[in-house]
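As written, the chains take the letters A, B, C and D, and residue 1 is the first residue of each chain.
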Amino acid sequence: MVHVTLISYTPHPERTIAAAARVSTSSISATELIEKLTPEAVDSLLTQLLTSGHLSPFEHASFTFAIEGISRVTSHQLVRHRMASYTQQSQRYVSLKEVNYITPATISAKTEWGGKYHDMVHAAHRLYREMLNAGIPAEDARYVLPQATETRLVMTMNARELIHVCELRLCLRAQWEIVELFEKVKAEVERVAPRLGVELKPKCYRLGYCDEAQSCGIFPTAKEVVGERR
Amino acid sequence: MVHVTLISYTPHPERTIAAAARVSTSSISATELIEKLTPEAVDSLLTQLLTSGHLSPFEHASFTFAIEGISRVTSHQLVRHRMASYTQQSQRYVSLKEVNYITPATISAKTEWGGKYHDMVHAAHRLYREMLNAGIPAEDARYVLPQATETRLVMTMNARELIHVCELRLCLRAQWEIVELFEKVKAEVERVAPRLGVELKPKCYRLGYCDEAQSCGIFPTAKEVVGERR
Amino acid sequence: MVHVTLISYTPHPERTIAAAARVSTSSISATELIEKLTPEAVDSLLTQLLTSGHLSPFEHASFTFAIEGISRVTSHQLVRHRMASYTQQSQRYVSLKEVNYITPATISAKTEWGGKYHDMVHAAHRLYREMLNAGIPAEDARYVLPQATETRLVMTMNARELIHVCELRLCLRAQWEIVELFEKVKAEVERVAPRLGVELKPKCYRLGYCDEAQSCGIFPTAKEVVGERR
Amino acid sequence: MVHVTLISYTPHPERTIAAAARVSTSSISATELIEKLTPEAVDSLLTQLLTSGHLSPFEHASFTFAIEGISRVTSHQLVRHRMASYTQQSQRYVSLKEVNYITPATISAKTEWGGKYHDMVHAAHRLYREMLNAGIPAEDARYVLPQATETRLVMTMNARELIHVCELRLCLRAQWEIVELFEKVKAEVERVAPRLGVELKPKCYRLGYCDEAQSCGIFPTAKEVVGERR
């Protein structure tokens, strides 16, 4: 099961973002701004930037997470977000001793498929271990491992990209495992940067409507809200 | 087995790169340059840019490939190259009818492991199909599929990034399947842009030495060539 | 005055985008798709992608422009768009013989400021030439040149980024010179890819409302349209 | 004159990089690694990564600088480095009260050109102020300002990009003002991350030779070192 730990981040992320943003429109220096901005000024600046979509200053704060217990299904999706840095456990250089894998709820132990799924994953892992013992390189043996196999990685993402990725990945249409991952990412950010954390939310909360073909019901569709104007 | 087709590319890629490069250092317009540059001038300009490492003009030519028959092992590695665009067949939206998968040479039919590997992949695929038939969504059933499962994608990469990626992925230390992929990418580029194609080569050919911990033997190591200077 | 020429682009850009998009959700190969998609299918696919914000396939088509006659004011803004490739005429390596510069409408010859502006720019350019003649390097002499000085560059941008940049730069709040630049970029794209060209438009046309603090009047504000929902 | 202040950075940058790198090749968790790595292990890991060119883990540490007192000549060059985040003082929204500008050494007060340069810059600035007073918008009046005019910005760059940019911009062929800028960036990084700071150096120090057309003399040319091998 996915586990997310914030291992490092830009200190005072919200203040850093606000100070950078103010440099653009004032003649005060960034070093002075970072000291003098009151918490209220920081908060009000962030709100302004967010409602008008001026998000580039959010790039100045970044967050580094240790992510463990996600399937290779999900890590493959995750790394498609290119505005971030990833270092992932290599299946070429690390041979996996234990059978750690993800089970979707629809195939869980409570279902009739749970047992068969469990057996298949274990059988594949057994063959993987046998091939390793026979001298087949880990980078080849791993071809037989199921996509359910767990992986771990370190991910660094700046606040602008976190906002963007959460718009897509906290949407109920996203795949359940990546939703879980970003709910935990959000929780970690909220702990140290509550104003920013609250902005990690699905796209519809920012748009005021759902722009997917079908709405999950939380927000009306684009058609219902802006009609033919769009 | 990996199959690569160049489906589209910037027309006259080498001439486009050379014309762009000349804009930087001349007062002639790009439209004029593109018409007037002789093939010899194009060639000599590319050589100059390449030997001095001034590679940014190579970004102006891009290449779009249909890539088929690569494993999810390799597509996961591939998409880590972030300066490129990928559209990959979705295992959420497409349910796989046939059992298409990659077999590493070390596990091929000629080895004692070939049969066991074949059986395991087919068993996993059978369970996948059964779960689909029972109404489990494809996005969940695929967790049981092996990483050997074939995927397809469209990749667009500009010439600068092609040069960079081939430096890493045509190195004999790279994983065999991704080496095969980029050998075919190189062959496709060579067909339409021979001067550029020849530049798609491992890093050592550009450096003049191998900077990995151990050399494959084609080039001496950094230590042997530049010694303590580095 | 800004002059934009499309010097190269991915052939059949709209068909390439549509074929790539279909690879994601079908089991037909990209090479087959590129041949078989009817113009109607291409059109309908692009519309679907655009209304639901699934824009990544638009990265597979890119456009290379020769841009001439823009001020250094505007080239400095332009290159802030990082998802693009630029090769710009160097003021280190090219010494400017002629006095080419941009005059804002508010300072044009028709105004009382026109003459003073004209004289100042010419005086600065004269000093620049004198310093060059005295052996001061062009890279230093240019410090005296006004920001109005014209520059030229080659820019390659993919269709996804063109859509994004036009959302910002065709907005009436953008600076007039960059608006002019992207109106010409749009006109060039429209010539060869009309379906795509029509999508190069300010953000409000996509959102259905204006999300800036004040609307220019074409669209109502976010508040008026989605109210407290947002 | 350029002034650089490190206003924020990933705490324990070198340890963060080393821990991330180790995740790739070990089965220990990142959270554990970050606690247990000894300073010697961190140092030795960084050296290994650097000599073999495996630089991606360096992306996990980023640095935010307040940069003041650079000319628009140099900020225009600086923002061409796209793997970084910039928030720059706007000449549209901020009207410049004082005449702050950069003077190249070749045009300094000690030379015969110093006076003329000074007078021209002041004359341009005076006209700028007069136009502002007459109601011409700052975004238009600034066209007359010389490129020497000072600007300020906040820049965030990760350690991998810092290494890359310094390879180019600490080279003696780079423009003097941007060399000064990155010498100060290097000094700021060295203060808090000495092992990383020492790696901020021209490309030749990494290659073991100079790959430019002409060497400044510190290192022999590529031809002299690797000869026909390259």
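Observations on the structure shown:
Note that a residue touches a chain if its C-beta (ideal position, glycine included) is under 8 Å from a C-beta of that chain, and two chains touch if they have at least 3 such contacts.
These numbers come from a predicted model, not from an experiment.
Counting every residue number used by either copy at the chain A-chain D contact, over half are found in both chains. Look at where the CA atoms of chain A average out and do the same for chain C: the two points lie 31 Å apart.
Inter-chain centre distance (chain A to chain B, centres taken as mean C-alpha positions): 26 Å. Under the contact definition stated at the top, not a single residue of chain C touches 2 or more other chains.
Chain contacts in this assembly form a complete graph, since each chain touches every other chain. Every residue of chain B that touches chain D in the complex is listed here, in rising order: 48, 51-53, 203, 205-209, 211-213, 219, 222, 225-227, 229-230. The residues of chain D lying in touch with chain C in their complex are 71-73, 75-76, 79-80, 82, 86, 91-92, 101-107, 113, 116-117, 120-121, 123-124, 127, 130-131, 134, 136-137, 139-149, 175. The part of chain A that touches chain D in the complex is made up of residues 5, 7-12, 16, 19-21, 23-27, 29-31, 34, 56-57, 59-62, 64, 66, 68, 85, 87-90, 93-94, 96-97, 152-154, 156, 158.
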